[in-house]
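Structures are listed in the sections that come next.
Same chain, two partners: subunit A is paired with subunit B first, then with subunit C.
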Partner chain A sequence: MRRVLRVLRVLWSRRGTRVALIVSALLLVCGLGAEFLASDLPIAVKFRGEVYLLPNIARPAALRAFDNNTLSSHQDVAWIVRPLCRWGPSQTDLAKAPPAKPGGTHWLGTDDRGRDVFARVVHGTRAALVVGVGSVVLATAIGVLLGLLGGYFGGRVDFVVGRLTELGLAFPSFFLILAAVAMLGGVSLTAIVLVFGLTRWMSIARLVRAEVLHLRELDFILAVRALGASTPRVIFVHLLPATLRPAIVSATLGVSVAILTEGGLSFLGFGVPPPMASWGEILGQAYDHQGAWWLILFPGLALTVTVLAINAIGEGLRPALDPRTR
Partner chain B sequence: MKLSAVRLPPVARFIGRRALLAVPTLFGVAVVTFALVHLAPGDPAEAQGGHGRTPLSKRDIEAQRRIYFLDLPLFWNGDPRGVEALEQKLLAALGQGAKGGGDQREQLLKQCGTLCLPALARAQKAGKAGAAKAIDAIRAAHESLGPPAPATRAKWLAAVLPLLAPQALAKLTARAAAASGSDEAPFKQLTARGKAALPGLMEIVLDTNASRALRKHACAAASDVADFDGRLDQGNKDHEVFTAWRAFWYRERRDHVRFSGSERFFGHVTQTQFGRWIGRLLSLQLGVSLRDGRPVTRKIAEALPVTLLLGGLALLLAFALGIPLGVWSARRRGRPLERAASVTMFTLFSLPSFWVAMMLILLFGGVGYLDWFPIYGLASAQHENASGMTWLFDRLHHIVLPVLCLTYLPATLVAQHQREAMLGVLGQDYMRTARAKGLSERAVLWRHGLPNGLLPTITLLGLYVPYVIGGSVIVERIFNLPGMGLLAFEAFQSRDYPVIMAVTLFSALVTIAGLLLSDVLYGVVDPRIRVGAVLDARDSGAAGGAS
Partner chain C sequence: MALLEVKDLVVHFPLVRGVLRRRRVGVVRAVDGVSLSLARGEALGLVGESGCGKSTTGRAILQLVRPTSGSVRFDGVELTELDERALRSYRPRMQIVFQDPYASLDPRMSIFDSVAEPLREHRTLDRAALQARVHALLSMVGLDSDAARRYPHQFSGGQRQRIGIARALALEPDVLICDEPTSALDVSVQAQVINLLMSLQRELGLALLFISHDLATVRHIAPRVAVMYLGRIVELAERDTIYSAPAHPYTRALLDAVPLPDPARQRERAAKREALAGEPPSALEPPPGCAFHPRCPIARAHCKTRRPELEGGVACHEARRDQEMSMRPETPAISGGSEAESDP
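== the complex of A and B ==
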C-alpha cells in the first residue's frame, strides 16, 4: 500500500501525469456513476405520495411508464432530483429528425435513433473501462503466470512457453478478433474481454520471463530456498511481487490499446452488443450521416482523451517504478 | 560428408529456423479458424440462409454441408471407407422396402448410377428385397450399355458387369488418354458407362500434362456423367473450370473409389472434417465466395495490389518523415520546440485512426467544410479511363487522405525509435573522435551518427507489414477502397466463410513474413544476431501499432 502511495506521489509531482491522473479519476467516476450523470429516470422523486430513491438504478415498476420529462411536468410529483442530464443512453427522442444538432436539452445532439449523445458518451465510458481493464487483468494474469513458470523452471517448460508466446505474437490479432466476433454472432461484453485477454498476454509473458531469469539468480531467492520455502511459495510469494513492476507499465499501455481496439471494433459494427453505448459505435453512425460533426467530435474526443491519459500514466510509471531513480 | 559439416551462413540458418516456426503458427491459425467456424451458432451451411440471403432449400443445405465436409466426423474417422459407404447406404435404403424413404432411395440410386451396380447384383443374388427393382431403374437409365430390351435382366447384367470391371474401365480410360484430341469415340464409350467411369475421366480432366483438346472432351464426358457442369466451352475461363473440377473431385472422390490400404490407414485422420479442411488449405483450394460465387483466390489477387499500394506508400512516408524527425529531436533534446514536437507526437500516437479518418473527411472531404479531396473509392468515374497524367493525378488525389491516416502512427513510432537510437549513439566515443578530427557537426551527425542509429529503426520495417494489413480494415472501409481490408470487412459482415478463412490465414502468413523480414534485417544490419531481439523491440513498440 505504501508503495502504491509512493508511486502515486511521484506521478502527482509531475504536471503531465497529474493531469492524466485527474482525467483517469474523472473517467472512473463517469464509468461508475454514469446513471447519476445521465439517466432517463431521476435520482430521487416523490411521486403520488411515495418517495422513490435511486429509481435511475433500481428502476421500480411504478415508474416504468415515465421518464424525467413526463415526471417533471406531472402534477403528482412533489419534488424531484434529476441527474445532470435528463436523457438516458437508450431513450429515444424523435421530436427533431435524428440525428439532431446539439441544442436544447440535448447538449451534444442526438444520434441516428434520436438517443442523446451526451448520455451515450457518458455511458460509453463503462464499456471502454470494462473492456480495457478487464482484458488487461486477464492478459496480465495469463502473461505473469506463463512468464513466471517459463522463467523459473527453464528447460522444457520454458521451451513450451517460449513457443506459445512466439505463436501468439505471430497471430494476426486484429483479424482474429474480428473473425471471432463476426463468427460468434452477437457477442457479449464478456466475450470481447475474453478474446482480447487471450490475444494480448504475450508481451507481458516475455517481460516477466526476462525479469524472473534475472531475479532467480539473486541472493534473496537462494536465501528463501535455503530456508526451506516450497517452490510455489518461492514463485508466488517472493518472485511474483518483484516481477509485477515491469508488467505494470506494459499492462497500463495495454489498457489503452484494448480501448482503442474496442473502439475500432464497435466502429466497424462488431463491438459491444446493442443497445449498449460505446464510443466507437457513435462514431460508426457518423459514417452513414456524413456532416453530423457532433457524432464524430465528442466520442472521438472522449476516446482520445482517455487513451492520452492512460498512455501518459503508463509513460510516467516507467521512471516512477524504476528502482534506479529511487 | 556428414550433414553437420555443411555450415550454412548464420543468416540463412536463422531464416530457416524462423521459417520453421511459421509452420506451427500457420497450423495454429488454421485450427483456430476451423474452431471458429464450428463454434459459430448453426453450421455454416445453415448460416448462409440468414443475413439477407434467400434461405437455402434442404437439398442445397445438404450440398453445402458436403462442401464443408460436415457429413464427416470432426477429428477421428473410425472406419474410413470409399464407395463402400455409399453402397451400404443404398442397400440399407433398399431394405426399408416400401415403408417410405422413397425419395431418399431415388436420390441415392441417382447418385450411385452404374457405380453400385456390382454391389446391387451381388445383393440380388443374395435375395435382397428391392435390389432387382433398383437394377431395373439403373438399366432404364443406361439402356444403351447392354443388349436391348427383350433381353432378361440377368442377360443384361451379364453383358454389363464385365464392362464395369475396374480393369475394363482402366483399359478404356488409357485408350481415351492416348487418343488424339480429335478422337471422341473412347469418351463416348466412357460416358455410356455412367458414374463408374468418372474416376478415370477425372484423371484426364485433372492431368495438367494432357492436351487441352483431350481435357475438353474429358470435361464434357464428366459433365454428362456427374451431377456437375464444367464444360470447357461455355465462355468460362479454362483455369476456373479446372479449379472447380479439382474442388469437386476433392469433395466427391471418396464416393467414387475404393480406398487403397494406405488410404484407408491414413483415412482415420484425413477423412475427417479437420483433415479434409487442412488438405484443402494445403492444396490452396480456398473455394468460392458465398456473396458472389467468385473464386476467393481471384478476389484476393484483385484486392492485394490496392492494399500493397496504400501500405507501401504509408510505410515509405512514415520512414521518410520519422527518421529525420527522430534525428532532429535527439539532436535538439530539451529545447522548447523539440518538447512541443514530442508532446505532439505523443498525442498523435494516442489518436484512433478511425477518428482521424472521420475528422479528415469532415474537414477536407466536402461534407462539412473544405472540399479538397475525394473520399470515396480509388478513382473518379469520369477519370477511370483517362490516360497518363490525368489518371495518375486522379489516383493520387484519391489516396491522399487514406495514406495520411495510415502514415501518422508508424511515423511517430519510427521517430520515437530513431530518437532513442540516436540518443544512444550521440554519447559514443567515435562521435567524439569524429568531432575531434575536425569534421563539421553536420558530417558527424549524418555520416557517423545516422548509420549507427539507423539499425534498430530499419528492423521496424518488418513489424509494420502486419500493421498495414490489420490497419487497412478500418481505413479501407471508411474510404471505400477495394483492398484486402474492405474484402475482409465485407466477408466478416456477411459471414462469408471461405473468404474469412482465406483472409485470416493470409494475414497470418503476412504477419509471419513480416516477423521473418525484421529478423533478417536485424541479422543483416547487426552481425551479433540474437534470437528474439526483434520480438523484444516489438514489445516495446507494439502498444500503438496493434490495432
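== the complex of A and C ==
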C-alpha cells in the first residue's frame, strides 16, 4: 500500500501525468458511479409516503412505471433527489425526432433511438473500463506466469511456452471475437473480456521471459539460490517483483489498446451486447446519420481522452516504478 | 580427510544453433578437469586470467552450475548426485561472496530482509531473535544496525560487499567461496574487505576458496595457491613456492606482469622480460596437448600433442628441466599486501 502511494506521488509530481491521473480518476468515477451521474430513476425519493433509497440502482417494482420526469411532476412525491442527468442510458425520448441536436435536457443530444448521448457516454465508460482492465488483468496474469516459468526453467518448459506464444500471436484477436460472435450468436461482456485476455498475453509473456533470462544469471538470484531458497521463493519473491515493472508498464498500455479494440468491435456492431452503452456503438450510429456531429464528437472525445490519459500514465510509470528512486 | 574434495571437475557449455533443429555447433570448455581439496579452516587461492574458468569452478562446486562430469565431495557427500531438493540441506554449509556488489543484492529488498532471508529459509527464529541475529551479523562486518532499514542503492560498493559477506555468514557455513570479492572495489576499500575476510576466517574457522586474478591479494590471504589456465590447474603449491620459485612458465609470466614499485628495478626487469605473446586462446577450441603451448617460451614438440597432468604441483612437461637451467625470475614486491596491512 505504501508503495502504491509512493508511485502515485511520483505520478502526481509531474504535470503531464498529473492531468492523466485526474482524467483517470474522473473515468473511474464515471465507471463506478454512472447511475449517480445519469439515470432514469432518482437517487432517493419519497413517494406515496414511502422513502425509496437508491432506486436508480435497486430498481424497486413500485417505481417500475415511472422515471425522473414523471416522478418530478407527480403529486404523491414529497421530495426527490435526482441524478446529475435525469435520463437513463436506455431510456428513449421521442419528443423530438431522433437523433436530436444537443439542447434542452439532452445536453449532448440524443442518438437514433432517442436515447440521451450524455447518459450513454457516461455509462459507456463502464464497458470500456471493464473490458480494458479486466482483459489486461487476465492477460498479464497469464503472460507473467508463463514468462516466469519459461524463462526460469528453460529447456522443455521454455520450448512449450515459446510455441504457445507463437500460436497465440498467429490468432488475430479482432477476428477471433467476430468468429466467437458468429458461433455463439451474440456476445456477453464476460466473453469479450475472456477472448481479449486470452489473446493478449503473448507480448507480456515474451517481455517477462526475456527479463527473467537476464535476471536469473545475475548474482543476486545466484546468491539466493546458493542460500538454499526454494524454487517457488526464487521465482515469486525475487524474480516476480523484478519483472513486474516492465509488465505493469506494458499492461497499462494494453488497457488503452483493449478499449480501442472494444470501440472498434462495437462500431461494427459486434461489441458489448445491446442495450448496453458503448462509445463505439454511438460512433457507429454516426455512420448512418451524416451531419449528426454530436454522435461523433462526444464518444470520440471520451475515447481519445481515455486512451491518451492511460498511455501517459503507462509512460509515467516507467520511472515511477524504478526501485532506485525509493 | 579434506572437508571439500574436488576431482576432475568438468563444466562444458554446449553452443547450440538453429531454429527448428537445434544442433550442437561446439563446446565451451570452461572447466576442463580441475582437482583440488580444501581442509577445514584452510584458505586456498585460485588465480588466473579472466575467462580461465575460475568463477565457473566456484559455481560448479556449489552446484549453481551443474558440472558436466567429475566429483565434488563435501564432508563425504557427493554433491553432484544430489537433486535441488536434497542440495538445500547442504547449501547453508557452503556459501559464496560475489564479485559485483552492485548485482549481488536484490535491489527491491531492504538490507534486513536480504540478510534475514537465509535465516528465514533454514532456521525458525522468532521476530526478536531474527532481529538480534541480523544486527549481530551486520556489526560483525562493521556496519551499523540502522543499515538494516535501508536499501542496497544507498550503500557504497565496499559496504555492499560487507552486506554480502554478512548474508553469506548468516548460516555459519564451513566453506566460503569468494569469487573475486574485491576486484570491483577501490584499492583502499579492497584492503578493508580482505582484512575483514581474513579475520572472519580466523575467528569462525572458515575454509576459504579465494578466487582472484590478482596475485598480490591472493598472496596476502592464502597460504596455498592454485593457478588456472584455460580451464585447468597448471600449478598448485604453497604460497612461498609459487611466489619465489614458480615452476610453470605461465605462473612465471603472471608474476612477471605484477609491476614492481621501484621504477629502476621495473625497467631493469622489463628489459630482460619475455612478455607473453598473444591472447589466451578461446576455450571454445582449446589447443591440443598443453593448452599453454602456443604462448609458452619453453614449449617443445611433444607439448603440442600430449597434455601434461598435474604432477608434483605442476602441469608441465618441461618445467622441472627448465627450472634448473634458467635463472629464477625476480620476485615482485607485492603491493597489495603491504597496503592491506597499513590500512585500518
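In the analysis below, the second predicted complex is superposed on the first by the 316 of 326 C-alpha atoms of A that agree within 3 Å, B and C clash if a C-alpha of one lies under 4 Å from a C-alpha of the other, contacts with A are read in each partner's own complex, and residues count from 1 in each chain.
What we mean here is this: a contact is a pair of C-beta atoms (placed from the backbone, for glycine too) under 8 Å apart; a residue touches a chain by one contact, two chains touch by 3 or more.
Computed from a predicted structure; not experimentally measured.
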Practice problem: Check whether A:V224 is in contact with subunit B, with subunit C, with both or with neither, and answer first, second, both or neither. | Solution: second
Practice problem: Would you check which partner chain A:R206 touches, where first means subunit B only, second means subunit C only, and both and neither mean what they say? | Solution: first
Practice problem: Mind working out whether A:H238 is in touch with subunit B, subunit C, both or neither, as first, second, both or neither? | Solution: second
Quiz item: Looking at subunit A, does subunit C or subunit B touch more of its residues?
Solution: B
Practice problem: Using the superposition on chain A described above, determine whether A:A182 touches subunit B (first), subunit C (second), both, or neither. | Solution: first
Practice problem: Over in the complex, which subunit A residues touch subunit B? Could you list them? | Solution: 163, 166-167, 169-176, 178-185, 200, 203, 206-207, 250, 253-254, 256-257, 260-261, 263-264, 267-270, 280, 283, 286-287, 290-291, 293, 296-297, 300, 303-304, 307-308, 311-312, 314-315
Quiz item: How about subunit C: which of its residues touch subunit A in the complex?
Solution: 59, 62, 64, 84, 87-89, 91-92, 94-96, 98-100, 103-108, 117-118, 121-122, 151, 153, 164, 167-168, 171
Self-check item: Residues of subunit A touching subunit C in the complex
Solution: 218-220, 222-231, 233, 238, 241-242, 323-324, 326
Quiz prompt | subunit A-touching residues of subunit B, taken from the complex the two chains share | solution = 21-22, 24-25, 28-29, 32-33, 36-37, 39-41, 346-347, 349-355, 358-359, 361-362, 365, 367-368, 466, 469-470, 473-474, 477-478, 488-489, 492-493, 495, 500, 503-504, 507-508, 510-512, 515, 535-536, 538-539, 542-544, 546-547
